[in-house]
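Below are structures written as structure tokens.
What follows is chain A paired twice: with chain B in the first complex and chain C in the second.
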Partner chain A sequence: MKAPPVSADAPAPATSRVYMPEMGRGWWLRQRHYFLYMAREFTAVPMALWLLWFLVEIQRASNGPKGYYPHSSIGFVVFSVIVLGFALYHSYTFLSLAGVIIHIKGVPSRLIVLSQFALWLGASVVIAAVLIGFAR
Partner chain B sequence: MNHEATRQQKPAFAHLVWWFLFAQGGVIAAILIPVHVLVQGILGPLGIVPVVDRHYDTWVRVLSNPLVKLYLLVLIALPFFHFAHRLRYLIVDFGVPAAKSVPAQVVFYGGAVVVAVVTIWVVLTTAPMSFG
Partner chain C sequence: MAEKRITIRATRFDPDKDTAPRLQSYDIPFSDESMVVLDALNHIKAHVDGSLSYRWSCRMGICGSCGMMVNGTPKLTCNAFLRDYWPRSITVEPLQNFPIVRDLVIDMESFMLKLKSIKPWIIRKQDYPLGAGEHRQTMEQIDEFRQFSECINCMLCYAACPVYGLNNEFLGPAATALARRYNLDSRDQGIKERLPVIANAEGIWECSFVGECSVVCPKGVDPAKAIQQTKLDTTMRFVLPYGNREE
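== the complex of A and B ==
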């Protein structure tokens, strides 16, 4: 890395240069925080794949009673277990952010985060009840 | 409104739309996805609990409900606007600044729009709409 000019009065170089930060490919493996940041960004990939797979299952319902079959393979279950890990990490990190993003006068941020987690729990119970309750 | 003011408002409005979709997609993904993955991806296929999508008749009955169609559209399409942003920056962080460019934005957010359109098509064509 080049040293900055000694003072602000130092003569400017004849041609302007663009600052190009140097970042090695493995920079995110150097620190635990960097790794967790990248893991958080990466959660999008498995969740996107799972939703597309789910969309395929919905589409299969148009094949009629004989043509329909749900995802049942052990491979799909293993894939779902991995996706669940990433999905839970996204939920935890994203809902924890609510305390930073949402500001309500007189309401502590801990309470706002708690309300988000309560909403998550409530929604999960309702959805699970519908998915299981309408089955046979 | 003068010309200068119009020019200043445009990017702000675009930001509002994309940030709204990004944030809401993140909320939807956080609150709704884990339970679907757990119940439909793990518990159902393993036979631990009966799940609505295991049999054609129960699945179609639920899918024909317009509210369920709307719910599935929100569940599937909205998170992709969140994913598009995260994936783009994941690639930037892996050392590919080209992912910041306008063509890359068109590809990623355009991809999310394509998923939304396909989802609308799928939910509208799979099971005939009925309130029963």
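== the complex of A and C ==
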């Protein structure tokens, strides 16, 4: 951001020495709220890793079902379950904040949040039905 | 009965002598349940150490001058009661994320420049003479922006914002809330003049929605809401056809 032009009658900038404090690396451990914020942001990292893996799996399946064996090691299953937990937490925090972000005249924010969760549930059911349908 | 006492640990920093701030303890009488941290500081200045420097003015949560870190949380010291901390000691420090001028006094120059940059006044494309009458508003139109006009510029939200702590070029919560206050005002026509400041990389898009600014606000303003809604509005202006039309 650029400072606005200084008018001619503005006071001269102070020349005395000031102490410039710096934020320590552990600032996010100081308060529960900061920690939860960092946890929310961190969840995107394992989700991104999982999605990269998913892209690899799609590439591997691009030659058709013959010769494709999905990766099913215990380690990958455990990683997927952990990432699912992160994805659910991220979605919960994101949708909970929808009432703050979306502003519709006359509509209470609680109703906006509820509608977002209902849409999430609806979309999950549809996707699950499609996937189960294809698997049969 | 022994007199009730409380320990106040206050930051001391003399720019002519000290290289870094330090904490100094003061043991003072806690004589009245209605005493606030500001009263304790005033007691220290009047009876113990007259060199202690800090800002204050109204003592009733209106002027926004006495914001400091009280046990690590940004608070108006005129609204932080000793009874909520006693018998523990209270650590009073200058608002974090700002340069320290002396003791508990911070340099607010950067904030004042940010405030000015969003043009916090009603902008009209064409001014009418006073005789032409008032710019009338309905209650609904006032309710659109009322909460954002409650800000007292106490800067607690900046002290609570880690994004501002890491990048003090960030426009920050209070200035964005005030910009939204004017952008939502039915009498104002200045949104296009404010957009270059609020919608750039160091404006709303720097915010990652920590949300602590709204938690610490002593006036119930919700700057996090102002920032997120401005993100949505500016995106819609960009995406929708005729979004940038003249208003």
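The definition used in the following text is that the second predicted complex is superposed on the first by the 110 of 136 C-alpha atoms of A that agree within 3 Å, B and C clash if a C-alpha of one lies under 4 Å from a C-alpha of the other, contacts with A are read in each partner's own complex, and residues count from 1 in each chain.
Basically, contacts are C-beta pairs under 8 Å (C-beta built on N, C-alpha and C of every residue); 3 or more make two chains touch, one makes a residue touch a chain.
This is a predicted model, so every value here is computed, not measured.
Participant: With the two complexes superposed on chain A, say which partner A:V18 touches: chain B (first), chain C (second), both, or neither.
Facilitator: second
Participant: May I ask you to name which of chain B and chain C touches more residues of chain A?
Facilitator: Higher number of touched chain A residues: B.
Participant: Classify the contacts of A:Q59 with the two partner chains as first (chain B alone), second (chain C alone), both, or neither.
Facilitator: The answer is first: A:Q59 touches chain B but not chain C.
Participant: One more residue to check, A:R30. First (chain B), second (chain C), both or neither?
Facilitator: In the superposition, A:R30 touches chain C alone.
Participant: Once the structures are superposed on A, label A:E41 by its partner contacts, choosing first (chain B), second (chain C), both or neither.
Facilitator: both
Participant: Determine, under the contact definition given at the top, whether A:V130 touches first (chain B), second (chain C), both, or neither.
Facilitator: Touch partner of A:V130: chain B, not chain C.
Participant: With both complexes superposed on chain A, which partner does A:V100 reach: first (chain B), second (chain C), both or neither?
Facilitator: second
Participant: Which chain A residues lie in the overlap of the chain B contact set and the chain C contact set?
Facilitator: On chain A, the residues that contact chain B in one structure and chain C in the other are 23, 28, 41.
Participant: Would you tell me which residues of chain A are touching chain C in their complex?
Facilitator: Listed in rising order, the residues of chain A that touch chain C are 1-4, 13-14, 16-21, 23, 27-28, 30-31, 33-34, 37, 41, 97, 100-103.
Participant: Can you list the residues on chain C that touch chain A in the complex?
Facilitator: Residues in contact with chain A: 13, 15-16, 18, 20-21, 72, 96-101, 107, 109, 113-114, 116-117, 162, 165-166, 169, 171, 197, 200, 202-203, 208-212, 215, 222, 224-225, 228-229, 231-232.
Participant: Which stretch or stretches of chain B touch chain A in the complex?
Facilitator: That would be residues 26-27, 29-42, 44-46, 49-63, 72, 75-76, 79-80, 82-83, 86-87, 89-90, 93-95, 115, 118-119, 122-123, 125-127 of chain B.
Participant: Using the touch definition from the top, list the residues of chain A that touch chain B in their complex.
Facilitator: By the definition above, chain A touches chain B via 23, 25, 28, 38, 41-45, 47-48, 50-52, 54-55, 57-59, 61-62, 64-65, 68, 70-73, 76-77, 79-81, 83-84, 87-88, 90-91, 94-95, 119-120, 123-124, 127-128, 130-132, 134-136.
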